[in-house]
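One structure coming up, written as structure tokens, with questions to follow.
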């Protein structure tokens, strides 16, 4: 006699909570064979707006945390994912039809990716910034600081590793994130949100939306309170319009990536969401 | 000249106390350390910018004449003799024998024991005799100031008795640097008392800060305020015996103090950069600093002096160049 | 005459040997264009200086082709060491002709000769010197072991620092191995054309640098030209925004240095006399035609009156007039159009209820002039507290606490620069940390150096000029684990294509 499973209700992850879409909409998620898996929340523009508010509210605390602390919090995500390893493997197998081996490899890479990015938190600034030998009696230092709120269209074909690989680098420097998950394979993203909710990541630092990137992304791209727009997973969208919309407030844009680049660990992805701040101060013994 | 243009002598100038109670070290420290700080880089850049002013033609001719009128022609050597002082006085009276249009310097500045020789050499040109050249005496164990207060006071009253019109005293830099502000203050007050003559008049008091030993601009600002609070008529940069002596940034800073004091109290205090100003070009930069910081009114011997010896020669050569169109040489000005 | 009425001390313009007409500088030679001509005038006198070409789309195309040819056949094949030697040569030639360049700049732009002589031109030479040394060390720039040049850079520069902005653009581009088509601003083409002569003296291979004069249409033709790989623009946020849209979807990389509304924050423990100098330098340097100008003065309430009194006294000593006079502190406004904008915003400031003050100063009859002006009693909602005026106009606001200072300073869509004046180190560092600005000057203002990255946050643009970061803006990383790429709006690899 088999036990009747308790199915999970998938919602959005905004400001540390799991609300339904304010629009009340959901869409059916099926496996590759077309068998129904779950309903995912279909986020609206207002959900995106709320997510930006949550992300903005979290910038001060997250960017103000010490780099050591941010590194530990990011490492804690790896620990929490490790505990749900089997669940992620199951979701990738059922959702994408991956083999056990491929699913395990993807989950392991995702966990290890957090470890890799976590280690950057207190190191990248030394590579990117530094002392500038100006010609005059000044102490002059350049340091990278986070850009602020980053809106991300996550890779559509790699719902876990791809998601991790765009969210993690933005967090390293102290940015907060609104990420639109893979539309077709949204379930790992929401399970990942449960990891975040039970880890040490402050609420609002990562906000996960499921639904149609084509519908939500324009609102994020044109949002005046979004500082960066990561189009890594937007290659199949009309992303040029998104880049044009972003230009209205000079939002920084990372253009769509090839599939292999989208999942490659990259310090450049960390640096893409930083601004160089240069501070001069006079120096004198007199 | 209006009343306000006449500098108030020490006894005439009401002492202003921006703090309560006696002038203790603690009270003075609280006040002096509460003054705004000085950013050295900014100060030096402002001074450098003033130094780039390009003073040409008519302005330059006027500036050269002004410089002559502001010079305390100085000899302060261990080897000074009555003869050398007479020679100095003679040059003060008639800086360029070939050009009677050259005006006289403001004062001669000599060691204490040479005051009498200077006074007699000046004769009718001495300010006290109705002339226009003053005698300034360095005193208070110049240049180090390392002597007992009794000696310093005796030094001062000797010079006044011998006919000095102006006393250039040194502050106790050791006391200042170790925070004994009260002692520095009291000494200036005491020396100012010693500047008084039996007839109720008094020699003007220039207080030498010896900025080269104060080391920081913050100290220069504090010492400037201290000297003014204690009754000095002039604040003077240096003895000329310590390097660096006068610099444009230090003088600019002292001018800023004088400006602030004037705004706060209406009283006018003089400034005297001394030592190291050798060329007309340098001196013109100081005039620019005075005019743009505290105002042209200060370009008067009552409120601004150059403590210098060779500066006069360069000014004379510059004037000869203007007059003849040719560059002059040191053999065309008289040595002292 | 009083002493302060310094006799005129004009720098002689006879050092200039200008041609009556200049062509476009394409492929190493001055050539005729097809877009007609226009005059460049002195904003101080409105007198004609020389006639220049207005480059047409076809002319721009010709220039881009020349740059591509030079890139393919010469510049990309040359060793870094040799590219560096050309840049060193250029630096020396700039030093040798410094006086002439300074006079030309002041004549054409209206800025005081004291600034063009002591700031602009020395920095131009310094910029070429600095980047010359990078040319053979690109593998150490943090972009992998073999970073690549991008190709042809299209560069559009403003009129406020004509030659200096040219140097900021051309020096890193050439050091990194790119070739260049540069468009100077229409009101200030003169020094770019003299610079073209310097390139001839330096024997720079033809086509490596091309200079096309003209107005907005020329610039638009350049940035939209499909043959360029990189766009670098300095100018207004409005134009920068338009360029970002034009470049969207292409594989072109983009750096933008745009507008600003910098807060200059003066605390009650500031070195007040130097702060006053910093305020003056912050807003009246170059007539306030400075994107990073300290145009919003934030003064702590308890020292407001003292600071403003000292500021007014200081402003009374500012000398407005002939840019070529060595004693001039404030020169001419660059153009009639800019003067109109400054006037209009100042009138709005008055209507909004702020108190306007200028020292008594006699302005010349001809030319474009605006007296140094401050507005006190400005509120954060006033337009003169929000809009970039780009002129010698200072808006004074107050604050009570450090947190309020930060909140007000950051309350702008811009984020280029900021100033902090205080004697308290911990406060300075904390404020510097909290300010959303690319350059923060503490107890100083408006300092520039080729080794120091410069550029903005938010609507002040993206990318940095100066230092290693400025070099990276003209390089593609070679990949690998150790790449440190700092430019924004870039594809991680050069693979983006229009959909």
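So that you can tell them apart, the chains are marked A, B and C in the order they are listed, and the count of residues begins at 1 in each.
Note that in this section a contact is a pair of C-beta atoms (placed from the backbone, for glycine too) under 8 Å apart; a residue touches a chain by one contact, two chains touch by 3 or more.
Because the structure is a prediction, the values reported are computed rather than measured.
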Which of line, ring, star, complete or other matches the graph of chains that touch?
complete
Could you let me know which interface, B-C or A-B, is made of more C-beta pairs in contact?
B-C
Chain A and chain C have mean C-alpha positions lying a whole-number Å distance apart equal to 36
Can you work out the whole-Å distance between the CA centroids of chain A and chain B?
70
So how far apart, in whole Å, are chain B and chain C when each is placed at the average of its C-alpha atoms?
45
Two or more other chains touching the same residue: where does that happen in chain B?
39, 41-42
Quick one: which residues in chain C touch 2 or more of the other chains?
443-444
Can you list every residue of chain A that touches 2 or more other chains, as numbers and ranges?
136, 138, 282
Considering the complex alone, what residue numbers of chain A touch chain C?
127-128, 132-136, 138, 140, 142, 144-145, 147, 224, 227, 235, 238-240, 243-244, 246-250, 252-258, 261, 266-269, 271-272, 274-282
Which of the residues in chain B come into contact with chain C in the complex?
36-39, 41-43, 45-46, 49, 52-60, 62-63, 66, 253, 256, 263, 287, 291-292, 296, 299
Residues of chain C touching chain A in the complex:
126, 142, 237, 240-241, 244-245, 248-249, 256, 258, 413, 415, 428, 432-433, 435, 437-444, 447, 449, 451-455, 457-462, 464, 467, 469, 477, 481-486, 488-493, 495-496, 498-499
Which positions of chain A touch chain B when the two form their complex?
136-138, 282-286
Residue positions on chain B within touch of chain A in the complex are 39-42, 215-217
